[in-house]
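Next up is a structure, given as structure tokens.
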Amino acid sequence: MNPLMMNARQPEDPAVPRPTEPYGEGVPLAHAVGERPVVMTIRNLRAGYAGGASVLKGVALDVRERAVTAIIGPSGCGKSTLIRCLNRMHEAVPRAWCEGDIHLGGRNVLHLDPVVLRREVGMVFQRPNPFPTMSVFENVAAGLVLNGERDRAKIAETVESSLRRAALWDEVKDKLASPGVGLSGGQQQRLCIARALAVRPRVLLMDEPCSALDPLATARIEELLVQLKEELTVVIVTHNMQQAARVSEYTVFMLMGELVESGPTQRLFTQPKDKRTEDYITGRFG
Amino acid sequence: MTGGHARRRRVNALMFALTALCAAVSAGVLFAILGYIAWKGASSLSWAFLTRLPAPVGETGGGIANSIVGSAEVVGLAGLIGVPVGVLAGVYLSEFGGRGRLAFWVRYAADTLNGVPSIVVGLFAYALVVLPMRRFSALSGAVALAIIVVPIVLRNTEEFLRLVPGTIREAALALGVPRWKVTLRVVLPTARRGILTGALLALARAAGETAPLIFTAFGNSFWGRSLLQPVATLPLTLYNYAISPYDDWHRQAWAAALILMLFVLAVNAAARVWLKPVSGGAS
Amino acid sequence: MATAAAPDRIPSVARGAAAVPGPRERAGDRLFRLGVAAFALLILALTAALAVMLAVESRGTWRSFGFSFLWSTEWDPIGGKFGALPFLYGTLVSSALALLIAVPLGVGSAIFLAELAPRRVSDAVSFAIELLAAVPSVILGLMGIFLLVPWVRAAEPFLTRWLGWLPLFRGAPYGIGLLAAGLILSLMILPYIAAISREVLLTVPRPLKEGLYALGATRWEVVRGVSLPYARSGILGAIFLALGRALGETMAVTMVIGNTPQISASLFSPAYTMSAVIANELAEASSPDHLSALVAIGLTLFGLTVVVNGLARLLIRRLEARG
């Protein structure tokens, strides 16, 4: 079922979806968004594993600043691989390869030092993964401390502000010294968000961050996303179309390693231009 | 068919009893050994025994202070040499080696080394250290024990590092931390408990080794003055006393056995208690 | 279609082949990788050096005696005659004797612990058995000298009376000798057999056993019909591993075997093992020939244990591959 109310269809645009297409005119939008500047441009991105079929077969996409871009698609479509290319975590897997162009503020990401890049492009994973030997405080401070920050006052300040931005401060301010793994699942995931925020990234990648959480914890993360996009760019992979519709300004639909369609969330869900997108969002897929 | 059924039940009960007896005998031997050593050794244990040097041959009394210190010295030095080598090589196998060819051969070598009789390891240390230096020494004994410790620590380290979930490494890498720092500051600390316990158990085993020390550390009736001098160790002294013709030395051998046994048991028990709560959060 | 698609599967990160080498690797990472690789190489080199040292230091013996070194029985360091057969014989016979005692006892214990005993009993007894493996061999030797040898000495006349028609059980009751050595060795290897066999038996998949239970089989019938056949190669591996230990064990054996280089049909007679002769004579070996002969024995022992341990690992791995 279409997660949004069906609206009167505009005549379909037969053109192949361009990555920078404007959102559909004349469509009443729940999330009315103005055109935002592009922060990341992805062109002709291919990726895969040596000796296997390629997972991404030439993806082109513009990621817009201070907005949430959701990537949806069936399991195995390459959506996780796509965002893992954006901070080059994909290459951390043995025999993985990746080629094409990913531009972030005028620099080609694939030519940057991945370590430096990852401080600008943070990531939150499917399952909460706080460092098991570290306390709540140490977890959030990890990015700073491991990168050589010594100034205790600055660390403490960053930890507090990051926890506040992750809407976790009030819940953990009295147990900063207790182990991070002692928190509930939802709290652990927000701790991981705070940990990522503490490094002050421009872009935050989230790889199905709610797939291991219950509905209540999921709702808290979704609320948090609304606040976060005020200050940074979020790219979120989700298998949940409702979630994509709720939290994102832009949605990308992927299928079998190809980007089928992208555009403003409202437009994509109400007036998909590609038959495959329509099939997927109406549940007629496969 | 009830007769057949009853027979089957009887066979079942008989085998149950038989295997239970095997287990009881096997475990019972341990308690028999512990009990006997405690009984024979306790009466000879005294403060003087722990703090004095051995008495000259023919005289009764004396202690094994030099052997205790010597054991600590040799085993400690073996740990200083062997544990870092084993841990770092284990890091290679777990974090970089994967299924590569070098990793395969290193694992093969470690397993082979682990199976080499300790007397042959002693022979190796003899050729490696004693012959070139032309003297028995604490150092050569430590080298022998280090060679025994290394493969155990190596495989143990690899095993515990593999238990660290890949998501932990990803989390650290995604924060923009270089890989070497991720390994040293995040992955190793996560596996720290298991690695240290393994190292401790390996050293406890080394502390009980006698064969590789006979022609390396050699033994000494006095304090070893330097690492380049022969040194007494607890198992070696125990051995020499046990095969001697003197009753008083036999008595002391039992007391030394009690001390050695208590040490080994304490380390093993501590290791187990310490390892029980497997590092939290690691699913 | 199912709306909630399963999360995309991503291979586990960051462990594996050469992990992104080439120019993209940071200098620090490269240094670190090469550094730990050097330690790994060191272990490889050490093992190779051990084998090479044994071969080089014993070449004099092989040159003068050839393989007849292993077949000749005379060992006379002062007369310059070196034959390793008595030691080979003592090692093999004492190890075989140890297996004869420890295998039934160990496998029996393992079956009880893995299949029949309640969980808590199993854990407690396993702990005790594993602690037995931690007892230093010199302590077992001490027990051997003062406890086991007198018992064996007392028991030998009875053995002769009932089993004396076998040459194995004839001869003067010294106490020290092959029988005592075999007994003490069996204690040393028992924990290995019991502990590893238990672990192997615990890997037998439940559904396999439940299938037979459902047919009304007794527990023993399940053990015989399913568990033992499934675990066979693993248990065999455990036995080979134990054999490897027994072949190389030094102290406990040296202290009770009598250290006499002779070959006698009787288990009562003193004998000598390869490890024991190295332990006893190396420190005093003054002539190069004597030293070389001892290293040659060491090389033989090394080769024997490498083969036996390799076989053991192969057998255990075969089980793992199936599991």
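Worth a mention:
Letters A, B and C mark the chains in the order given here, with residues in each chain numbered from 1 onward.
Rule of thumb we're sticking to: a contact is a pair of C-beta atoms (placed from the backbone, for glycine too) under 8 Å apart; a residue touches a chain by one contact, two chains touch by 3 or more.
All figures in this text were calculated on a predicted structure; none of them were measured in a lab.
Taking the mean of each chain's C-alpha atoms, the chain whose centre lies closest to the overall C-alpha mean is B. Across every pairing of chains, the maximum count of C-beta contacts belongs to B-C.
In this assembly, the C-alpha centroid of chain B lies 16 Å from the C-alpha centroid of chain C.
Averaged Cα coordinates give chain A a centre that lies 55 Å from the centre of chain C. Once the centre of each chain is set as its mean CA position, chain A and chain B turn out to be 50 Å apart. Residues of chain A in contact with at least two other chains: 89, 92, 94, 115.
In chain B, the residues touching two or more other chains are 98, 167, 169-170, 173, 178, 181-182. Shown for chain C are the residues that touch two or more other chains, namely 12-19, 26.
Of all residues in chain B, those touching chain C in their complex are 8-9, 11-12, 15-16, 18-27, 29-31, 33, 36-37, 40, 84-85, 88-89, 91-100, 102-103, 105-106, 109-113, 115-124, 126-128, 136, 147, 150-151, 154, 162, 166-167, 169-170, 173, 178-184, 204-205, 207-211, 214-215, 218, 235, 238-239, 242-243, 250, 253-254, 257, 260-261, 264-265, 268, 272. Residues 12-19, 26, 28-29, 31-33, 35-37, 39-44, 46-50, 53-54, 57, 104-109, 111-113, 116-117, 125, 127-129, 131-132, 134-143, 145-147, 187, 190-191, 194, 218-221, 223, 241, 244, 247-251, 255, 275, 278-279, 282-283, 294-295, 298, 301-302, 305-306, 308-310, 313 of chain C are the ones that touch chain B when the two sit in their complex. By the touch criterion stated above, chain B contacts chain A in their complex at residues 98, 165, 167-178, 181-182, 185-186, 189-190, 192, 279-282. Within the complex formed with chain B, the residues of chain A that make contact are 87, 89, 92, 94, 115-120, 122-123, 125, 127, 129-133, 142-143, 146-147, 179-182, 192, 195-196, 199.
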